[in-house]
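Take a look at the structures below.
In what follows, chain A forms one complex with chain B and a second complex with chain C.
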Partner chain A sequence: MFGDYSIGDLGSIFVMQGFAGLILFSVYVLMALGLAIIFGQMGVINMAHGEFMILGAYVTWMTSSFFQSYLPSLFSGYFFLAMILAFFASGALGMLVEWVLIRHLYKRPLDTLLATWGLSLMLQQAYRSIFGAREVGVELPQWMLGSLHVTDSIEVPINGVFVMGLTVLITIAVAYIMYKSRWGRQVRAVVQNRIMAGAVGINTAKVDRYTFALGCGIAGVAGSAFTMIGSTGPTSGQLYIVDTFLVVVFGGAASLLGTIASAFSISQTQSTLEFFTSGSMAKVMTLLAVVGILMLRPQGLFALKVRK
Partner chain B sequence: MSDETNKGLQSAFRRKLLMGMAAIPAMTMLPRASFAQTPATSAINTTGLAVTDTEVTVGILHSATGTMAISETGSIEAEKLAIEQINAMGGVLGRKIKVIQEDGASDWPTFAEKAKKLLVNDKVAAIMGCWTSASRKAVLPVVEQYNGMLYYPTFYEGLEQSKNVIYTGQEATQQILAGLNWIAKEKGAKSFFFVGSDYIWPRTSNKIARKHVENVLKGKVVGEEYYALGSTQFNSVINKIKLTKPDVIFTDVVGGSNVAFYKQLKAAGVDLSKQALLTISVTEDEIDGIGGENIAGAYACMKYFQSLDNPNNKTFVPAFKKMWGEKTVIGDVTQAAYLGPWLWKLTVEKAGSFDVDKIAAASPGVEFKGAPEGYVRIHENHHLWSKTRVGRAKLDGQFELIYETADLVEPDPFPKGYQ
Partner chain C sequence: MNDSRFATRSELIGILVLAALLVVVLPLCLDVFRLNLVAKYLTYAFVALGLVICWGYGGILSLGQGVFFGLGGYCMAMFLKLEASSVENTKIQSTPGIPDFMDWNQITALPFFWKPFHSLTFTIAAVILVPGIFALIIGAAMFKRRVGGTYFAIITQAVAAILTILIVGQQGYTGGINGMTDLRTLKGWDIRPDHAKIVLYFFEVGLLFACIFIAQFVRHSKLGRILVAMRDQEDRVRFSGYSVANFKIFAFCIAAVFAAIGGAMFALNVGFMSPSFVGIVPSIEMVIYTAVGGRLSILGAVYGTILVNFAKTSLSESFPELWLFGLGGLFIAVVLAFPNGLAGIWGDYIQPRISKLIGARKPKSGWTDNSVADGAPAE
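Let's look at the complex of A and B:
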């Protein structure tokens, strides 16, 4: 297939394709981080993860509409405020859900699957009733559209760079919170041994609630960022949920590093295969590879030793 | 005081009496007039449908919940508008249309079940409904078994024809071929890159498009790619498009993927004012989600655009907005859904009966001159003769009409040489 192209063409396509892979990687990490915290640290299978993302997207849409109507002069910067609002909106909803629903199910992890799936259906219908069944278009400020012109044939999408930057930032923040802060130490203690953690004076119920809220909040930020590349509708969250679980499970449930490694390998495989075969074929081959590896290593790429 | 009350009562009585007397001539005239318009129920309904002396029941069967609600909401709105207008004009054969609406909930077995309920329990005279091909395929055996009449609004892949279905949208060859001819002639296009969602409609449509490009236009298809429904990552295929530099990108991506595809295309620096793109899956409805700035410049090929400049459309669009809100947009399928109740009314009047067999037989040749898209006529194969148009997306989310076929295009659900 390369016979007809010059070396220059091939070189720039190679660069572009590298970017495509990196962008896919950032998207995967961003959508999986929140779930990795909830599923990995708490063992809760959160099927409503996509809906928490879409809440963030709707918050972004509302913020953009608000700025357009009332503060058009500040429109170019609304996105940053929108992401912060999305974090708190999804986080607050997460906290509420944990209090009403999840905390009663910690001893029955498989039931969380059913409960959160029901929750996701309820949230979808709620969005539909509140925002309408049709998709909404989130208007972006001019500077976020288009691409950076590097050479004639190499163009880097600005929104891709934005997502990459955001992913790096959030990953560093999460890593800091989980591994350097006092609160993160408490979370890890609860994960490793809930009873002992309680015995040494950690308020495990509170840790659980905030961990869940953090995971949901990050989902909200991801949803907010994805208004740049995807759709915002009542069921758009469903588009992300399968890939998200794939990344988290493949990475090894309880490990942030694993999540990142798995997002990297899946995205690179996927985007390389997409280029050499076709879109649907690439998906099939990636899934086959993941299934194959999980058969050999059921605990995922990286596994944490946990006292059961 | 009691006198006054008495007087008041008396005068009220007198007023009523006078009014009653005034109404007598009108009353004597009424029955004669209505006898002429409304034939006896027993004569026009021999199969036990839900038809009374004053009412006829019709079912609406779309997804008001679930994934497909995004698309089907517009169809529900259009059908309700048409029915309201028909009722305001006196109904069908003197009977007002009563609607029973069922929710298919984006689930195909549910569609079949609800269709059965409408036909067996409610005895509806016709069903306006379905949207995806999958839902139609699920409902088809039901309407055939219980002899119902389905008016189906979506443009679809063809390869189907039933006595019990009227297809008010375009089938694939009707929609695609004229658009390809136009772009080949107008842009001198020789090479095409196909991108679609991975299910029956895009695959069948692209198969037809490929045959046409290769055999008739003598062009070349330089790429054909499918992405799973709901895919949100298109950067790789966009790179392939950049590498192969096709004259035309031909797309039938649907649903949430659509939004992702156009946003990423724009972000990758593909300028649709220079790179020709022809889509058969983006209507005004989809642009609402995609955003006009992401798709401006693209060409769409279908039979209706909200911006069409003709007298019918100029009354249709304000009526639709008055009923459903100033911000609603009207896409191709919404307009096709609007045709359903009207075509049914005209056919019933032509047949002089609500009986499904008589309607099925009377359908070919039924003309609707008030269609927002312009004149349409039902073909022997129960599809519509209609014009095909090419529009160009503008920043405000509307299409500007660029080209329309001179004549109505014949529907050909089983195209020879394209299978």
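Let's look at the complex of A and C:
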């Protein structure tokens, strides 16, 4: 397997594969962050999470088309506006969904799974009716094209670096909101003991709604970042949803650090294996390993003790 | 002796009505094409039946029933494919006597795990045992460690994803995304003409009733009541000295075997098997059938499956855009408003009226099973 490559080549291959893994890692982290908030903190299985992400992607696509036709001079900066719009669009939809659907089902977590699956079917069809069945891709601004030459044999694409930087920023923001802000303290209080949290004057219903909206909003930002590295279709969200759930469960449902660690290990395993076997076998082996480890350690990598 | 009674009077009537519908009414009213469609729907009813036991009674939601449906179906399809790939039928291939997709993928000899599928006895055993043992392994690994609820659902879903990717990726051994097509004969008996379809339909209905009887038996036995008790108060059952894990494993295995029988019948009735019946989407759809029919009702699962599929076929033929909206909306409505599905509506609204009309003694129905204890009325 190593026969045809020199040591230097192998080093470059590992760096490049590692970098490909890092891009996958960014997508996983961005999707899993929202899901970790919704599933880990609230216990709601949101099967429509992928569709919230795709909503963000479509918002980004619309913004880029708008800038292209009406404000070509500002095109290089459209992405930042698109990201904010994506956050609010997905967050608003999330708030609506929580109000109409999810709040009736907090006592029946398995039923949230079924209901949000129904929601995801409807959203997919809505995207297909509105945006068409074909995948759309955004035009990247000039500064995001091309790649950085690190050494002679190592090249990294700029959009990948950008998405990774974005991931780091969003992760820090989420960590700050969850662990430092007053609102984050309320969320964690509700998770740890809902009745007591209510007793000390926290409006748990409101916290639930905003938590769900925040999770969906982050999914929207994830979708926005996703347009940088791939094209968007009505069913693109479906492709990632199972992987993302595995990332969250593998990391330990309520732990932000665990989510990041598991996203890193899963994406790196997969992209390194991809080089040595076919893509599908790499995926099968990675998923099998994750399921196997979960069978041995069901609470995931980093478990949080919660009073039920 | 009421404890082990097999069915209450109203349940028995329900079973007879279903039998009359499937054995007499539908074959008389429908042409062979439509009857074959019903046969296809009924293969999913096996899965839905298993889900009633596993999910409705046991409280274990498996989102990987497509795995067992697929395993059963592929076992059957491998036998049929081998029979269809006899040396005379495949003499134009570079290696005659192996399935066509292997030849297309430059495989020159039959892989070892295909060889036993020359035997029908082995195949029938495999249809039951392969999914059964697989479910046993998954169930033992999960339930012994007290993994349940949402985690179990997600992991079964991952298993479904793994199996689909594996089948699609290993094209030379499994037929890939196209699956196993062009299945022709069963022990020399052609399964494609109309009269064969009718024979297969009745055979399938017979098997379905066998499974309904098994499900009824489970429900009315002590086992069934322990399952329900476990679903509602797992710790108390454990404290009472029962091994909760073993009961869960049993419920999961029986659901897997039912699904596998459905899959095998699918391969026979429809004439092919492909990964599109294995993955996450079909697995969740099968849960939808159960939820719509009523997750606590054995007969409701059968009706739910037939109705949802009928609606799917007719709606997706005439309004392809509306179908997904309809299915999604139906699902949300069922979960939000009617958690007990059609059977719940029947038991709560329709049956009491009928009972009042004919002046029956018992106002509450038996077969909807809203009340857990109605299998053992205190007499």
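Worth pointing out:
Convention: the second predicted complex is superposed on the first by the 308 of 308 C-alpha atoms of A that agree within 3 Å, B and C clash if a C-alpha of one lies under 4 Å from a C-alpha of the other, contacts with A are read in each partner's own complex, and residues count from 1 in each chain.
One rule holds in what follows: contacts are C-beta pairs under 8 Å (C-beta built on N, C-alpha and C of every residue); 3 or more make two chains touch, one makes a residue touch a chain.
Only a predicted model underlies this, so the values are computations on that prediction, with no experimental measurement involved.
Of the two partner chains, chain C is the only one that A:L110 touches; chain B does not reach it. By the document's definition of touching, of the two partners only chain C reaches A:I45; chain B does not. Of the two partner chains, both chain B and chain C are touched by A:Q125. When both complexes are overlaid on chain A, the residue A:Y240 reaches chain B alone and has no touch with chain C.
Of the two partner chains placed by the overlay, only chain C lies in contact with A:V249; chain B stays clear of it.
Contacts of A:I293 after superposition on the shared chain: neither chain B nor chain C is touched. Within the superposed three-chain model, A:M62 lies out of touch with both chain B and chain C [touch as defined at top].
When the shared chain is aligned, no partner comes close enough to touch A:M95: not chain B, not chain C. Shared-chain residue A:K283: touches chain B and chain C both. Residues 125, 128, 238, 278, 280, 283 of chain A lie in contact with chain B in one complex and with chain C in the other. Across the complex, chain B meets chain A through its residues 64-67, 69-70, 73, 198, 224-228, 230-233, 235-240, 242-243, 255-260, 263-264, 266-269, 285, 287-293. Of all the residues in chain A, the ones that touch chain C in their complex are 39, 43, 45, 101, 104-105, 108-111, 113-115, 117-122, 124-126, 128-129, 238, 242, 245-246, 249, 278, 280-281, 283-284, 287-288, 290-291, 294-295, 298. Those residues of chain C that touch chain A in the shared complex are 61, 63, 141-142, 145-147, 149-151, 153-155, 157-159, 161-162, 165-166, 168-169, 280-281, 284, 287-288, 291, 321, 324-325, 327-332, 335-336, 339. Touching chain B in their complex are the following residues of chain A: 5, 9, 13, 16-17, 19-20, 23-24, 27, 125, 128, 132-140, 145-147, 149, 153, 155, 157-160, 226, 228-236, 238-240, 270-271, 274-275, 278-280, 282-283.
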